[in-house]
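This is the structure I have questions about; it appears just below.
Note that the chains take the letters A, B, C and D in the order they are written out, and that residue 1 is the start of every chain.
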Amino acid sequence: MLLQSLREQVLEANLELVRRGLVLYTFGNVSGVSHKDRLVAIKPSGVPYETMAPEDIVITDLDGRVVEGDLRPSSDLPTHVELYKHFPSIGGIAHTHSEFATAWAQACKPIPCFGTTHADYFHGPVPVTPQLTPQEIATDYEKNTGLAICRKFEGMSADDVPAALVAGHAPFCWGPTPAAAAHHAVILEAVARMAYYTINLSEHAATLPGALQDKHFLRKHGKGAYYGQGQTK
Amino acid sequence: MLLQSLREQVLEANLELVRRGLVLYTFGNVSGVSHKDRLVAIKPSGVPYETMAPEDIVITDLDGRVVEGDLRPSSDLPTHVELYKHFPSIGGIAHTHSEFATAWAQACKPIPCFGTTHADYFHGPVPVTPQLTPQEIATDYEKNTGLAICRKFEGMSADDVPAALVAGHAPFCWGPTPAAAAHHAVILEAVARMAYYTINLSEHAATLPGALQDKHFLRKHGKGAYYGQGQTK
Amino acid sequence: MLLQSLREQVLEANLELVRRGLVLYTFGNVSGVSHKDRLVAIKPSGVPYETMAPEDIVITDLDGRVVEGDLRPSSDLPTHVELYKHFPSIGGIAHTHSEFATAWAQACKPIPCFGTTHADYFHGPVPVTPQLTPQEIATDYEKNTGLAICRKFEGMSADDVPAALVAGHAPFCWGPTPAAAAHHAVILEAVARMAYYTINLSEHAATLPGALQDKHFLRKHGKGAYYGQGQTK
Amino acid sequence: MLLQSLREQVLEANLELVRRGLVLYTFGNVSGVSHKDRLVAIKPSGVPYETMAPEDIVITDLDGRVVEGDLRPSSDLPTHVELYKHFPSIGGIAHTHSEFATAWAQACKPIPCFGTTHADYFHGPVPVTPQLTPQEIATDYEKNTGLAICRKFEGMSADDVPAALVAGHAPFCWGPTPAAAAHHAVILEAVARMAYYTINLSEHAATLPGALQDKHFLRKHGKGAYYGQGQTK
């Protein structure tokens, strides 16, 4: 069986979404990539989490063709593939319809950085893509979804803001590993929820001062980080 | 005992509402129909879910008369019966007072399609009935509730939008089986919750472009569907 | 030990508040009354629910003097006593700081009847008392809280609306038994939550038409009731 | 091992935050102080709660230097230390990013006293600090956070209001023991949630009359208290 370890990481990250209450029924999907092998491991489409095993994880190439596995991959696979091709530092991707992050996506609004919880993980607002055109929807819809995210990140670092909202749809999150991608999906939902409460408390709430955004992001990330026990997350 | 298998399906679908947190105490009811036998299997009225067994499910005919069972059927039975008589493709109905769907019903507002989660299951807004007249309330109230739903669906397909909100009351959901009806009740509540958050984020939020509504509904339903493993849901 | 059965009912009703998530730490209290014995059984003040036993329930007379028990009764006892003296049909009282009912009390607004869930249990809006005067707060505060509820119900039936909100404080609920009082506290919280969502969806949402309020209350209560299996709740 | 009992209290108080749903992953931290020994016991930074043991708790002096322990202390340690140096009656501090309290902090608004639940624990509004200056962020950020709280409490009693919101960040709570600090963090979140609901129900909701704020705070605290069984909380 190809990529046994990556399959296990992908399965575990998918189950983390279940444990954290981010997915309903078969919603959501996490994948991982082996850039060396140019292969992706992704959750199968519409299969219950309760019985999912490493051998159910589908292995595809970077054109989205199944290389190993009896099941169909998640229908969002072409979105994942575009992100892997565009962002070489990404090792895992998590897609959920978690409720508050999805509400921001449905409102077509980026999530402003209102506090240090956000700044600890996302260096700046979490952006939202523009709506796709009817042509982009009609042909290669899922691939075009990925391209829309990539275009949105022109001039931005995917490592500094490891998530995007797709307009009218839901978030995609990523990280160096499948576990990190799922972790960011959980944090994003908490951040989206607190941002929702914040603007309901104060319609024109100010975003966090830039110096404080930098401080919190950099005390957890990069070479001067001093949060945690010294290992990278 | 009549319709053993349908009784079990109806019981299981009722318990799914409990597991998903959609019902409080004895609230809610799911039924199933055998169109061939012209018989309905429905939850008894006001009986605790914890001890409910297949033999407690009440069997009635399509005039709402008990054919088998010692308990009274749910007081909403006449609503279920009207839907079964009017929509021959429906095999199960789930009624809950789930909190966000009920809030939309209480506000007498249809749930707009704000995102792909909605479009995956409901092809267009989830409609709300007009208020019943005092005469409709005074006589055959529960039957008139069903008729109000049927009238609302004139010119619409009950298969494309498997749910309706009854004004000032709560949702009724349906599907080809009791399990599908309960599944739709769970999804409707999630969709109602996210739509609530969406309009609180953006009072005049735009609905999802029609092309994207079609794309998502049709990638899961109908002959070109490619979501899941090829079985119908 | 006096009133063994009533102690057990009161304990069980207190624990129901815990199971339903209505109380935090030692918040909340349920009591029961024996009108025949002119005795009240009430939760002790500030004792953890986890270890509470029937012998911890405090027995007092209708002047609030402890008749049996080593612990202090709930500090809200004088409120309970006033309600028992004023409403002879009440057999149990439940007081919580459940979050949505308390929010309505803090906003000093009655809970309008927006839907059939409300109408199934409360025949009309759940009223809120006026704020107490500084004099009423300074002396016999808890007793005056009870008197404010009684005054608010002049011309109303405590059986038809088994709950009141105390302005700036929280709800008191009641019923023929301690279990019914706790049941009403759980329902009130659900109704308060859905009413909150409703006015956030539609600031000037209309209340349920009177004919429908009557229909739902009367299909569950009184001599023409046809909900449930014929036993009274 | 130094301060075995204090380590155990600090561990237990940290776990209370987990049990009450106030922290996500490794978020949050509780510490305790021995004013006699001039030593602080605090949660290590970024360590999972599931496996945390008393020996993982880090002991530092009141300058924030590690005296015993192999792990790094929480990065918020300098904030805790300032509070201990400034408020001699404080024996424990709990810091969380609990969602509603954090939303008020992000909105840079104090939590008004809208009800008796608030008044039972906090004698007046829960204040919010001003934003730190860029200089205060650049150097000794965590220490300056503590100093901002201390300045905010000039003329106020830390015993009467055992919590503060740090603007754009989150709450810090305290009490005579680590357990009391965690208890106040749990109550603060409930109070913050109900205050959020209250202003959403009534934008200009009035705060609780002063006489009633005094009544509730003083029936639980101080020498005339009559809530509970006579022990201090």
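As a convention for this text, a contact is a pair of C-beta atoms (placed from the backbone, for glycine too) under 8 Å apart; a residue touches a chain by one contact, two chains touch by 3 or more.
Predicted model only: the values in this text are computed from it and were never measured.
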Please identify which chain has its centre, taken as the mean of its CA atoms, farthest from the centre of chain C. A
Is it true that over half of the residue numbers where chain C touches chain D are used by both copies, so same, or is it different? different
Between chain A and chain D, what distance separates the C-alpha centroids? Give it in angstrom. 33
If you average the Cα atoms of chain A and of chain C to get two centres, how far apart are those centres in Å? 46
For chain C, which residues are shared contacts with two or more other chains? 200
Among all the chains shown, which pairs meet the touch rule set out at the top? A-B, A-D, B-C, C-D
Quick check on the complex: what are the chain C residues that touch chain D? 24-27, 44-47, 71-72, 75, 97, 99-100, 102-109, 131-132, 134, 137-138, 141, 168-170, 196, 199-200
Complex contacts: residues of chain D adjacent to chain C: 114-117, 183, 186-187, 190, 193-195, 197-198, 200-202, 205-206, 208-209, 211-212, 215, 219, 226-230
